[in-house]
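Sharing a structure here in structure tokens format.
Letters A, B, C and D mark the chains as written, and numbering starts fresh at 1 in each.
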């Protein structure tokens, strides 16, 4: 039930240990790590800069996490999101979910990522080898992914 | 595309770094860690002993991993399974999947766990506070989970 | 009505500012009307809000719709669709 | 036919051995028939294979069905449903 926005990198193993150390009720831990991808184009991505809306980010991530807690029997959860300038291969985001069984841990981690992608106020700008900078556009598939968690509209 | 059976513990962060270090094509890494749960009964679980079928285990895990590679565009994957005597809270199994996007990484990790649970030749024996030992029985839900990946029968 | 406005990503780059305090006339009732009113404040605003249909908004740090009323808002933010994660 | 048999978990505990080499008569054609034949080898086998319907088998390290033929097998393993992960 923790949310952090930070410039520094994170260590997946240390974060999981921090969440589950000394507990014997946890049977399943799922982590998702999003990383900066280069792409196949000749004009390659040299860096990615992330900005966010301080205050709203933490509030929105806490709302999303609270919604996951209501839907699944989670024993612990964590969202860490980096901001600032990142290079290809760098970590961007970490989501960790812990539950007694794997079904809840997997479903909640997917839900957190889908909602984070469409609701958390972060924006990415790509810098490329030729010096150009472009704001990353939304993937339609992210909107579709988030929509699957909503009740059918009437 | 690595499978290991070992008595030693594993470090999730180190395993992920070993799989993705220096790569810039990976955008999503999912890990699943299964841990020994105590239970709520007064006659509590004091340890869990895992045995396996050396030779078949590695072959079966490699088959399962190969099937995941055929179904999803994975860039890397890893299965580590511990054997021997474990205490509540200890790690049992680690599955890591890496892909360009999160959908494939999540689906493949769930698939690997579902298949591992129903196909990999491991057996767990629980020791309890009163000295009794019991072989763990299969959860029906594990069979159901594995079945969802099969084509509908005709 | 006095309100704090925040701009993010390319909305911030186009308006040339990250935040400002403005006095909004009483005739401006909704988020969509606020965007239309902002467009009239200068060429940089006209440019920033030219594609108003793709701009998202938050009132007091909660996502809202263009039809949401802004009465009582302390802080209204405008930004492109989010791309975190 | 000479074949190596392996037993795991409670099948191993009940037979009292982890592995053995046996000469199987030609009349034993399938995995199910092999279990029936093993039951006749002594009380510990009768006990181990009493609930034959819950025992799983692998031939040469591949999961098989009770109806699978064992001709040519080098190694046949018997075990309860797996519980790893």
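Annotations
Here, contacts are C-beta pairs under 8 Å (C-beta built on N, C-alpha and C of every residue); 3 or more make two chains touch, one makes a residue touch a chain.
Please read all numbers here as calculations on a predicted model, not as lab measurements.
In terms of the stated touch criterion, subunit B and subunit D have no partners in common. If each chain is reduced to the centroid of its CA atoms, subunit A and subunit D end up 48 Å from each other. Chain centres here are Cα averages; for subunit C and subunit D they lie 73 Å apart. Centroids of subunit A and subunit C (each the mean of its C-alpha atoms) stand 26 Å apart. One inter-chain figure worth recording: subunit A and subunit B are separated by 23 Å, centre to centre, where each centre is the mean of the chain's CA atoms. Taken residue by residue, subunit C touches two or more other chains at no position, since every residue touches fewer.
Shared contact sites, meaning residues of subunit B that touch two or more other chains, fall at 34, 113.
Touching pairs of chains, sorted by label, consist of A-B, A-C, B-D.
Within the complex, the subunit C residues that touch subunit A are 6, 8-10, 58, 61-63, 77, 79-85.
Here subunit B touches subunit A in the complex through residues 11-14, 16, 20, 22-38, 88-89, 100, 102-103, 105-106, 109-110, 113, 141, 145, going by the rule given at the top. Within the complex formed with subunit C, the residues of subunit A that make contact are 34, 50-53, 55-56, 59-60, 81, 92-93, 113, 116-125, 135-138, 142.
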